[in-house]
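After this come two complexes, each holding chain A, first together with chain B and then together with chain C.
Presenting the complex of A and B:
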């Protein structure tokens, strides 16, 4: 065994301290950088066991270590196409028939990647660069 | 209560691997992987000003709503994440507003390297106006990933 330290607080030599519970709570529990085109591929990730392609712009990320509940925080990135059509590309939580309860799970998260046109209409899209992260409590 | 006073945490088996026990106690996870490696809060209006940051060496104002941010300690590759945010102006008829990653007409990312990222602040089109680039006051970016 490499060794284990049990402590409630860490303090720097300069006197700044932080509760170890804050470190455990505050670190990202999942993040991913993946390519959604063709056969989707994860470029780099933390706590991801698999990436599933459900259809155009529709992906499920499964966690290696599950979250303790579904009240966690997730966020994905938006992109702006400078080609003049004002298109925004965004990672969003999937919320189709069945609602979030079907797609936001302790073991996985299902997301849509969509673009918004100038009229704010959305279309699912397989984009090359997709980034997202999750913060919350692990089981 | 116990307290550790130190300036540095280093893994014993592997220097870059310090594990933490999960909130529920069912798992362990690598601390370094979960730590945010860079974040910034900057004012993009008028003379650009960084309000506070971690691991940012500079933010450059390229033109209206167009910024390049550079890191003090570089990432190990360009495969890190970025999450950005700004605000919505609710009283001027503009559509949704955000700080986004700048991409080209062929959907390639304009600039993301281990040392820099280019973003663009935009507002979406609405029934009364076209979308466009804009200098917002609060701009937020944070990054997870592997440092070099």
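Presenting the complex of A and C:
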């Protein structure tokens, strides 16, 4: 490292301050932008070692720097554009038929990318645009 | 570009340096494996930024660190990691070739039950291949299996 700043508080010129712990703890610890169609590929990311295609709209993201526990928060969305139509889709924790512990780990997260029909039924689907993010504590 | 001396530097900070200074590397290698008879074949895709860090050297911890953390997490009373320092304080590994990086990644992200016994059954349950060897379309994706010819096919 070229240098290191050690500080407990950051302060603006106007005198407003914030504890550096807010930044350390509140920063996203993982994010990814990937294409889920064809042979899936990561367009860009941070703190991801691999993307695993488990099936249609079913992906595992593995972390390089592990999370400290499984209380972390994840969020994501997707996008598709076909025939001039586009829609938002959902990124959800993998349907927990195998138990939540199987899919939410400190080393990885397995998610379903789904759309909801008019009756709110979930359908897994492979979209071109997918974005996910995780916030929580690192190990 | 020379990797800074990262001994004892938090892994998160090392990844931040890599993100700022290294160009992502899109590997054409894919790892296809089957870890459950109830599920189709899975395809592991290396992350381009991770590949760049692996091939640069001096950034990633040795893979055994992840095995130790996985052992801790497998304990029934696990609440949170108490040995995260292994990620940050263990001396980073040297630069890897692309193939060595894929081997490391298999040992990190593919279940041990797969890569430790990948060729002990009637047919292999893991294959390393090139992206172009995979089907170009995702038809029957949820029925893909590794065939005897080491290609994927609909079951």
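What we mean here is this: the second predicted complex is superposed on the first by the 126 of 139 C-alpha atoms of A that agree within 3 Å, B and C clash if a C-alpha of one lies under 4 Å from a C-alpha of the other, contacts with A are read in each partner's own complex, and residues count from 1 in each chain.
We adopt the following convention: contacts are C-beta pairs under 8 Å (C-beta built on N, C-alpha and C of every residue); 3 or more make two chains touch, one makes a residue touch a chain.
From a predicted model like this one, the values you see are computed outputs, not experimental measurements.
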Partner touching more residues of chain A, whether chain B or chain C: B
Touching partner for A:10 - first (chain B), second (chain C), both, neither: first
Partner chain(s) touched by A:108 [first = chain B, second = chain C, both, neither]: second
Which superposed partner A:38 touches (first chain B, second chain C, both, neither): second
Chain B versus chain C as contact partner of A:72, first or second or both or neither: neither
First (chain B), second (chain C), both or neither touched by A:138: both
Contacts of A:47 with chain B and chain C, given as first, second, both or neither: both
First (chain B), second (chain C), both or neither touched by A:62: second
Intersection of chain A interface sets (partners chain B, chain C): 2, 29, 44, 46-47, 65-66, 68, 137-139
Complex contact set, residues of chain B against chain A: 1-7, 9, 11-13, 20-24, 26-27, 29-31, 33-36, 77, 79-84, 95-96, 98, 100-110, 112, 120, 122, 124-126, 130-132, 144-146
Footprint of chain B on chain A - complex, ascending: 2-3, 5-14, 17, 20, 23-25, 27-29, 31-33, 43-44, 46-47, 65-66, 68, 75-84, 86, 88-89, 116, 118-120, 127-129, 131-133, 137-139
Residue ranges of chain C touching chain A (in the complex, touch as defined): 4, 9, 11-13, 15, 17, 19, 24, 26, 30, 39-40, 42-50, 53, 60, 66, 69-70, 73, 79-81, 83-84, 87, 105, 108-109, 131, 134, 136-138, 141-142
Complex contacts: residues of chain A adjacent to chain C: 1-2, 29, 37-42, 44-56, 60, 62, 64-66, 68-69, 105-108, 126, 137-139
